[in-house]
Amino acid sequence: MEGMSDGLTWAAWLLIVPLAGALLAGVWPRAGRWIALATSVLVALLALGAAAQVWTQGPQVVSLGGWVPPLGIGLRLDGLAAFMLLVAALVGLFVGGYSLGYIPRDGHGERFWALWLWLWAALNALFLSGDVFNLYVTLELVVLASTALVALSGGAAALLAAMRYLMVGLLGSMAYLMGVALLYTQHGVLDLGLLAQRGGEGTAMMLAATLMSVGLMAKAALFPLHVWLPPAHGSAPAPASALLSALVVKGAFYILLRLWLTVFQDLAHPGVMQLLGGMGMLAVFWGGFMSLSADRLKPLVAYSTVAQVGYLFLAFPFLLAGPGGWHAAVFLVAAHATAKACLFMAAGNLQEANGGDDRLASVAEVMRARPLTSFALGIAGASLVGLPFTVGFVAKWILLQTAITSGAAFWAVGVVAGGLLTGAYVFRLLGPAFRPGPGRSGRPVPVLREGVTLALALVCVLLGFAGSAGLRLIAATPVAGPGG
Amino acid sequence: MEAQGGYMLVAILLTSLAPGVTIFFLREEQFALRTFLNMAGAVFKVVLVVALLVGVYREGYTYRFSVTLLPGIDLVLAADALSLLFASLSATLWLVTTVYAIGYLEGSPRRSRFFGFFSLCVSATVGIAFSGNLVTMLIFYEMLTLATWPLVLHRGTPESFRAGRIYLAYTLFGGSVLLAAVVWLTVLAGSRDFTADGYLSALYPEHGTALTALFVLLIAGFGVKAALLPLHSWLPRAMVAPAPVSALLHAVAVVKAGAFGIVRVVHDVYGIPLAVEMGVMRPLMWLAIATIVYGSVRALFSQDLKRRLAFSTVSQVSYIVLGVSLAGPLGAMGGLVHLVHQGVMKITLFFCAGNFAETLGIHRTGEMGGVGRRMPWTLAAFTLAGLGMIGVPPMAGFITKWYLGLGALESGQGWVIAVLVISSLLNAAYFLPPILIGWFGCPAAPWDRERFRGHRLETHWMLLLPTLMVALLALGMGLLASAPYSPLGWVSFIFGVAPGHGSEGFAGGAGP
Amino acid sequence: MNPRPLSLLSGGLSALLALLLVSALWDTPVHEGVSASVAGAMGHTGVAHPVTAVLLDFRAYDTLLEMAVVLLAVLATWSLGRCDTLPARPVQGPVMRGGLRHLIPLAVLTGGYLIWAGGAGSGGAFQGGAVLAASGVMWVLAWPRRPDLPAPLGLRVGVTLGVAVFLAIGVAGLPLGPGFMGYPPGWSYGLILTVETAAACSIALSLVLLFLGGRPWRDAEDG
Amino acid sequence: MAESLHAWPFFGSGVLLFVLGLHALVTRPHLLIKVLAFNVMGSGTFMVLLSAAARGSGEPDPVPQALVITGIVVAVSATAVALALMLRLYPILGGAGLPPGPPED
Amino acid sequence: MAEVIRASLLIFDGLLALTLVGVAWQLLFGQGLFRSVLLFIALGLLLSLTWVRLGAPDVALAEAAIGAGVTGALLLVTLGRLRRMATGHARDRGKGS
């Protein structure tokens, strides 16, 4: 009982602090940066505390206001949630530091801080929620905050991308909501745990699974529902792109995984799971080829997100690969989130130094003169490819190990081939920096930003030694059906 | 056996890693600091390696350091006699090459970047040497890919970009194959430290097919860097890199990393008995023989000096594989000792080629006529190393071929000696003509761009000194082959054979 | 994709989806849902109306996030830029003005009643807030060129108030015993009424501001 | 299921509203219509939820009602943002239809 | 008597459901934005009636006030702004040519 109230406390503060920060920053935009800084440090500490709580006491399900589901809403603080909260906190902390040097102080951009904190609060609420309808509300919060962030720069491309994103996001939300309606019609409860107990395979369940999966896949930008992503992530301001690519698409993926681990566990037939994994592999190759043919930096990095999201969907075939098969894909979330946030930050530095132009050929000149950013770009790129001494290598290793253990070697072949494709576009991005010719440091970029970018790259390296701990944390997730 | 402080191993890695990373952020004009960092790191590394050598040889220590990467999978650094063989080769040649590179690149742009990646390469090579298990070796092997690619591109010409692309395609592919194989092996057998005679025999008849497939994948993965036959063509192209890179990396570090990996796989993962039982040694031997002959023939028909040396490398590195695949201790001794011998002789040749190119603008073998009068010291070094490659007694190359021949007899495959003879004839056919016209011919045309004329020395002292040092080293390794710390002595120590065994019948000058 | 095949594809899929949905719903069992639990727990809340109890007590957290959505929508439209003038003419003549003068207080009264009524019967913060918003819309439409709005800080505080009060009461549950988003026993009715009032005011203001469609004050960037 | 029969017309109607909205959202280019379509989809979903709640014999289940009220408020917020965005886009696009295909720049 | 009431209510429900679908069809696929918006407001009011029929008066109130009222007002004002921009556009274009 003691432990339960502790779990509730950590979970509650993880909701309260970013929300309170968002409210304050909204009321008082001028102080936004300091509010955001304080909030991000606090939330990071809280996420650590929550993870430690799960680590020592195991997963906890707590009900809000003392109303036990089905009457009330439950929060789930388990390994999966704690891991995602930690990833969000880590990326959030670095994006926050980066934004201190990115967002101008003149009042023009100060609205960024409130929107960023709103997004963070929404993501934390999403990761902790244990109720399908509550998840819908958090999804809407995420969509609105992300739309505003994409549109922040106010340019034509950004507004158009924001509109597209909003439309896809709302469509996905509606499909998800219809799934919620079907679930409630079928079972009369909304709590994930209770729905998991009732399970079942009827038409309503299958249709709910389809609608919710498709809706969430659109939000996670899984090929072929990805078309909104590259323009949105390519035209947003750099810190917003970093957040969107590193965290927002992962939020949708997280719900999808959560649903298949609980509510739809009886429907997790091999055929369905292979289909999801196969779509993921298609995404890996399509995104890879598009990245390879991109001639500008930010679209290249954005298409790479399309590809990397594909790997995450290997979680589904791996669900059936035995206990904890899906852990590999969740660990990959951390690898991709850190690497991608770092890449977008580095891209932001280079683009700004180059006067807003991010064509690969001209960015290379700036890369030659900016070793800090280029080094960060190299390390993050190596992590994306899965080269050693980065967290990406460890993630790729686990992914391959799971694929081989599960006896489905073709996923291993896919992972290896996808890695080669990633290598091709990452080295295509880095190659021009080695061409001869003068370097040009271009317009000034705050040293703080270059430093934070490099620091996040070093985190990509350090996390490479956190594989055991990460997997142990993820494993603290109670799963009754396949994958448990 | 007593496990000693693994911090020594970490320190050895850091002696090149720390200067490497620091140098990246130095400004171009901070010449003195950069040189100091480089030289201090290189000297320090040699000192540490010597300390380890003494510890392993005299006291019988084992050094081990490990960090957990994933449940059941550790990053292990360990120093055994075999790893020290490779590590001392890399450490010594890094020191020499650093001096050479400082002289070679004097006044050229972007030296910070060059020396940064150069040091990272050496760190990766030494990491491969000290890898205590396959996972660790894979990690450093990929790191080596990553660190050498910028060096191949360094000149920035379209040609070097083409070479870089091909190099990357080959090595990334090899790395991926290796990754898949190592993961598969770990799933099958767990992640285990290298042990003499391997750790897979318990799996044999049951997982026979998987083990054979894994062997193929592992050899393919390491074979890319070792330039085994169908996977070799990146190597001659990569010669567009600056001479020190070609010398250290493409004659020593990269190709030897591949060969060393093959040695580890055969000896310490599978073990000779299992490998023989599985019947995989015979195909490996054929592959090695094919590569030896093919490389020699291509070298014979290459007119570009560095290209000729590159094909010679393709051929010579396979001697190591051949020695291993003979599946007996004497053959393996021949192979391992060649790891060192070939490295020292080949780096001498590359330094000489670099000196010719830098001083006189000589790139093709036909342009070497009369070079002996202008650059006698360099040509003398070239001659020594070339004769060594051919296997003329008492040079180092002879020791190799002698032991390979003994190994062939020992395993009852005496006909392999014929291959050695043919290869030696081919070696002679492509090394002797340039040496002869160098000493006795005349320049066909005035040299392209002659520098250092009227200097007291025939070329810059930082180019000449390292060249002479490695040439003397190559000579000494042959003459003093039976000394305890000579490569042969050390290899005998690895196999627990008395130093000099088998050679006393012939090499009267070399034996005690 | 061409409009025509896209239309056919979408139509076909939609029709298929409709069939599947109907057949899925046909199979669903009739059940009580949560009504029995709600009825059983009504005695422990301060309100008599089950829907209000669900909204503001049992699933209060949902409602907090829902109010957050409204607030975030306001911030999102503000971040898009400044609002332009409404496409309406100023109200002419004394009759209309007089009418408005009577209509607006009436709307405010209705809204207030709806908020209060939510405790016992139909009504509540959102409905009441919407009616209040209607009066606000009439207000701004009466003077479309120069909406008589409070200062920016007041607006920001006003739209935030509902969520802030709700959050503060939710947080107060932590030290007081019932935990996050819980009301201490015996305080439910008063706290729920407080939350509803604050929520209705903020929602009314937010809806009026959404109606204006942008930031109603001038910032540096507006030039 | 005699007493629950009266929910069926609304089940059907809810489903049709949902798919009509879906079809319009995909095929109609005008953003205002897309916004309407999204609202119609939501209404269809709400109708399914409330019809299911009304099938029982006793008092209707209050939880779906609370969910639908929440849903309506969320929908109006999203609508407001979409409309505001549309108004910003209008001068740029010179119309309120999304151009087909992702923009090049 | 109860039977008659029940039957007539069922007929009413059926007609209401059909009308809803018809209005939705017209507003989504008909011509004219203004008409669509008006039909949308009408749909909101009809939905409000439906919620009463489904025993959810709270939702009916919310739908009437928010779904029909506020959303309707939002749509109308947006339409007005769109028209103003369209005429502005036409004016600009006229000036340009």
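The chains carry the letters A, B, C, D and E, assigned in the order they are written, with residues numbered from 1 in each.
Operating definition for what follows: a residue touches a chain if its C-beta (ideal position, glycine included) is under 8 Å from a C-beta of that chain, and two chains touch if they have at least 3 such contacts.
All figures in this text were calculated on a predicted structure; none of them were measured in a lab.
The minimum number of touch steps separating subunit C from subunit E is 1. More contacting C-beta pairs link the chains of A-C than the other of the two pairs A-D and A-C. Comparing chain C-alpha centroids with the centroid of the full set of protein C-alpha atoms picks out A as the closest. With centres defined as mean CA coordinates, subunit E is found 12 Å away from subunit D.
The distance from the centre of subunit A to the centre of subunit B, each centre being the mean of the chain's C-alpha atoms, comes to 44 Å. One simple way to say how far apart two chains are is to compare their mean CA positions; for subunit A and subunit E this gives 38 Å.
Centre to centre, using the average C-alpha position, subunit B and subunit E are separated by 79 Å. Along subunit C, residues 21, 25, 28, 31-34, 38, 51, 59, 62, 66, 69, 72-73, 76, 80-81, 124, 126, 207, 210-211, 213 each make contact with two or more other chains. Chain contacts: subunit E has residues 58, 62, 66, 70, 74, 78, 81 touching two or more partner chains. With touch defined as above, residues shared between interfaces to two or more other chains in subunit D number as follows: 12, 16, 18, 20-23, 48, 52-53, 59-61, 63-65, 67, 69-70, 72-74, 76-78, 80-81, 83, 85-88.
Pairwise, the chains that touch each other are A-B, A-C, A-D, C-D, C-E, D-E.
Residues of subunit D that touch subunit C in their complex: 1, 4, 11-12, 15-16, 18-20, 22-23, 26-27, 48, 52-53, 55-56, 58-67, 69-70, 72-74, 76-78, 80-81, 83-85, 87-88, 100. The touching residues of subunit B, when paired with subunit A in their complex, are 24-25, 67-71, 73, 109, 138-140, 142-143, 145-146, 149-150, 153-157, 161, 164-165, 168, 172-173, 175-177, 179-180, 183-184, 186-187.
On subunit E, the positions that touch subunit C within their shared complex are 57-58, 61-62, 65-66, 69-70, 73-74, 77-78, 80-81, 83-84. Chain contact summary for the complex, subunit E toward subunit D: residues 9-10, 13-14, 16-18, 20-21, 24-25, 27-29, 33, 36-37, 40, 43, 47, 50-51, 53-56, 58-59, 62-63, 66-67, 70-71, 74-75, 78-79, 81-82, 85, 89.
Within the complex formed with subunit B, the subunit A residues making contact are 371-372, 375, 382, 386-389, 393-394, 396-398, 400-401, 404-405, 412-413, 416-417, 419-420, 423, 427, 431, 434-437, 464-465, 467-468, 471-472.
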